[in-house]
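Structures given as structure tokens follow.
Heads up, the next two complexes both have chain A, just with different partners, chain B and then chain C.
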Partner chain A sequence: MRRYLRIYANFLRFSFSRAMAFRLDFFFRVGMDAIWYAVHLAFFWLIYRHTPLLGGWNFDQVLVFTSGFFFIDAINMTVFANNIWSFPVLVNSGELDAYLVRPVSSLFFISVRDFAANSFLNLIMASGILAWAIARYPGELGVVRVVVYVALLLVGTFLGYVISMLFLVPVFWMHNASGLREIRFAIGTYGERPHQIFHGWVRTVLVTVVPLALCASVPAQVLFEGITPALLLHVVGVTAALFLAFLWIWSRALRAYASASS
Partner chain B sequence: MSPSLFFQIVSVEARKRMSYRVDFWINAVVGFFVQFGIAWFLWTAVYRESGAATIGGYTVNGMVLYFAAAQLLGRIARGLEMDGAISQDVYDGQLSRYLVYPAGFFRFKYAQQLGAMLPIAIQLVLCGAWVPLFIALPSDVHVTLATVAGALVAVLAANFLNFLATIPIQAVSFWADNVWSLMIAYRFLSALLGGQMVPLTVFPDWAKPVLTVLPFRFLYAFPVDTLLGRVSLLAWAGDMAILFAWCAVFGLLARVVWRRASLVYTGVGM
Partner chain C sequence: MIRADRLSKTFRVHKKAPGFVGSVKSLFRREWVTKHAVREVSFHVGEGEIVGLVGANGAGKTTIVKMLAGIIHPTSGDSEVLGFRPWERDNRFRRQIALVMGQKQQLWWDLPAADCFLLLKEIYRIPDAAYRERLDYLATALEVTKELNVQIRRLSLGERMKMELIAALLHAPRVVFLDEPTIGLDLTAQRAIRDFLLKYREDHRPAMILTSHYMEDIETLCERLLIIREGEIVYDGRLDAVVANFADRKLVTAHLRAGEPIAASNGNLADLGDVQEANERVVTLSVPRTQVARAASEILRRYPVADLTIEEADIGVIIERIMRARGDQKP
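Now for the complex of A and B:
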């Protein structure tokens, strides 16, 4: 464990050095995410000008939910996103070889090697928005619920990473993952809306097979409606099941890997 | 550049974009229907919970159709496949090779953008054709051959406007190396202020005059409103004139910025 922490500390050092080499890009990224947050909030503000509720939530509740989503996205952009984007290239170019022969978990190395230091400021910004949204919430939330909410958001972040990787792993067999990546981006929007607006089999899929609703929306439901063991068990159970399924597919994928230019 | 060379570039780019056919169809069909589904769930929930019959002048079916049209036409207007292509050439030094080509750099790039747009246009027709099977055309939507033709002209002009508007942004790459974030920020802003995310009629009254003055509405709201039969012929002609005026403004700005930027180009890439 200590060895992995030491390796990760080196990843951080290299990432911050690299980010400082492109200083303008560093600030452009901050500006880009600030605009993304503003556009997202404006979108919901416009909708709530025409309806008092959306999926049973009022504007204050959607603000907390959306801020939670910003928080998850910022962690994902900082810790995983660069690695997930470059992963198919590693497979297709054969550069994955270099990761497989190292004396550390190849999945760990591939998933967290590139820490996006230029997104780190956005993580601080997103955390600030989340704290503000919770602080201005007019109802009673309680410390325990808030702590559980933040913990569930962290589980949701991990879940988002697993879902992204599951969409990309077929690159070992298909050799081109851009179509699947586009679908991942497209369906990602389902996680940006309160899950109560969906119904029928779509809602079932969103809380089980492609559990995007468990990332930010269900944690917000726990925050507003109270902690129920069944719901917590469902979130943790689905996350664990999906991660185990991913590990199984990953091991099969590595066996199918044909090395350089596969 | 001769017309034959121009169309040759268009053709090569279109074929390149369709080389991964599985990806092409996955992208087109699944991507569209996923987005369509979200719009349907979102807006039916909004209309149900608000109890309103119309919002921003649209019935629920009209609103979902607006969103579907904005997604499809928006992809053409944005020429998404070529997003950042100019800044990438500057970033990695590829711009140098265009100096020996028998064609101007911007004409070459625009031909490539048109080529990249052709497969998207096929996607548009195929996906758009299915929409009326899911949603009956409401009384506030009047799609005719004339509105389709008007929307086609409008969206082609919108594509050209977007191409010109992004040149000054991409030219920042001469000084800042990587402008990917600027392009994404531009896309977010234009999607909201141009009416791709929600119709401009949904905005509060105080914002509408501002949105009318900005060029973003020509990228999304104008072609979509034209398609859905919400723009009179006279208004369409007037808006087309303003759209071309914006093209002239951005063309001039692009020229000035590019001239200054070219002076700092080293041609070695990063």
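Now for the complex of A and C:
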């Protein structure tokens, strides 16, 4: 474990050295994400000008939920995103070879080697928005609920990574992942909305098979409605089950890996 | 240290007719072709040995290396490297091997090599003292000490390859796979890398498998050769034995004394062998081994010879002939 932390420290060092070298890109990314946050908040603000409740949540609750989603997204953009998007390229170009011969987990390597230092400021910004949204919330939340909420958001971040990888891992067999990547992008929108606005099988899918609702929406539900062991167990259980399923598929994928001609 | 036992690898490849119509057809009906990249290959490599793996493009060299390095699974057959089955990717196995790919860069493009080496130090758990000692040895031997703190992308191709070699050897691997390590390099850089590999072998005695399209690499570095043709090993033996086994002719060259008349009765050169060159200064014939003595004495008798040489055919040419011959042909 300590060795992996030291390896990760090296990744961080590399990423910050690189990010500082490209100043303009560094500030451009911060500006771009700030606009993205503003557009999202404005979207809900507009909706709540016409309705007091959305899926049973008022504006203050949706603000906390959306801030939680920003927080998850910022961690994902900082820690995983660059790696996830370049993963199909590694497989198709044969660059994965270099990671398979190293005595470390190849999954660890390809998942976190590229830390997006230029998104790190956004993570600070998103954390600030989340803290502000929780602080201005008019109802009583309590410290324990807030701590559990943040913990669930971290679980949700990991779950988001697992879902993305599950969508991309077929590249080992299909050799082209652009279609799957588009689908992942498209369904991502479902995770950006409170899950109560969906009904029937869509809602069932969103909390089980493609559990995007467990990333930000269900944690917000726990925050507002109180901690129920069944719900906590459901979030952790689904996350663990999907991760185990992903590990199994990953091992099959490495077996099928054909590398690329030199 | 390396044992391959009837290793085979087949790939299923999608075949598409050319043009737009072919693309549309393939959308609905796929035609698949099974490609036998490697067929029942068996060999072993011992400690301190550098074995050359040569073959034409697509012969299966890199596929063999990738199976032995644990990157891809074989379709059938077995292999053992340092007592491990490579494709099980045991960390104890991966800690003792290295793979250098001339066509693929493994170091971080935007960072100095020294930074990348520090990451490898953590990955391979190299103790501080051993790391400093090895880095000093490798950088000195490859003459890149001054370039260690320069960004990889600012280095020349030759310097980059030297850094790749340092990255591969920092953890003192017992088995090294070198897949075209000199590809694209100028002659000076090629020679420097060859000299370094010889010195490294002498000092550390790892088992090495080298693939290269440059005969100079093979001739300088390898005592033993595996020639691959269409996925099969067609020769496994000493490099110098290739000549004895496959070269049935020698080159006889006579340099003639200038200004001396050539006897009118010198007959037809073609009855002595295949004429490679014939003018008033030089006569070169390719002669069957058994006829060399007779051809030489006839040339001495018929021409005003200043100097006569008898050479083996060029080894590169022989190997190329073996590589290119079809399965049913004698090279």
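Here is the rule we go by: the second predicted complex is superposed on the first by the 260 of 262 C-alpha atoms of A that agree within 3 Å, B and C clash if a C-alpha of one lies under 4 Å from a C-alpha of the other, contacts with A are read in each partner's own complex, and residues count from 1 in each chain.
Note that in this section a contact is a pair of C-beta atoms (placed from the backbone, for glycine too) under 8 Å apart; a residue touches a chain by one contact, two chains touch by 3 or more.
Model, not experiment: these values are computed from the prediction.
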{"item": "Which of chain B and chain C A:Ile187 touches, first, second, both or neither", "value": "first"}
{"item": "Partner chain in contact with A:Pro103 - chain B first, chain C second, else both or neither", "value": "second"}
{"item": "Larger contact residue set on chain A - chain B or chain C", "value": "B"}
{"item": "First, second, both or neither for A:Arg3, with chain B first and chain C second", "value": "second"}
{"item": "First (chain B), second (chain C), both or neither touched by A:Leu233", "value": "neither"}
{"item": "Partner chain in contact with A:Val144 - chain B first, chain C second, else both or neither", "value": "neither"}
{"item": "Which superposed partner A:Arg255 touches (first chain B, second chain C, both, neither)", "value": "second"}
{"item": "Partner chain in contact with A:Gly94 - chain B first, chain C second, else both or neither", "value": "second"}
{"item": "Touched partner set for A:Arg13, first chain B, second chain C, both or neither", "value": "second"}
{"item": "Doubly contacted residues of chain A, that is, touched by chain B and again by chain C", "value": "none"}
{"item": "Residue ranges of chain C touching chain A (in the complex, touch as defined)", "value": "11, 58, 62, 66, 69-73, 89, 91-92, 94-95, 97-99, 101, 103-104, 106, 108, 110-111, 115, 118-119, 122-125, 179-180"}
{"item": "Chain C contact footprint on chain A (complex, rising order)", "value": "3, 6-7, 10-11, 13-14, 17-18, 21, 94-95, 97-98, 100-104, 255, 257-259, 261-262"}
{"item": "Complex contacts: residues of chain B adjacent to chain A", "value": "20, 22-24, 26-27, 30-31, 34-35, 37-38, 41-42, 45-46, 49-50, 52, 55-56, 175-182, 184-185, 188-189, 191-192, 197-198, 202-204"}
{"item": "Touching residues (chain side chain A, partner chain B) in the complex", "value": "22, 24-25, 28-29, 31-32, 35-36, 39, 42-43, 46-47, 49-56, 174, 176, 178-180, 182-183, 186-187, 189-190, 193, 196-199, 202"}
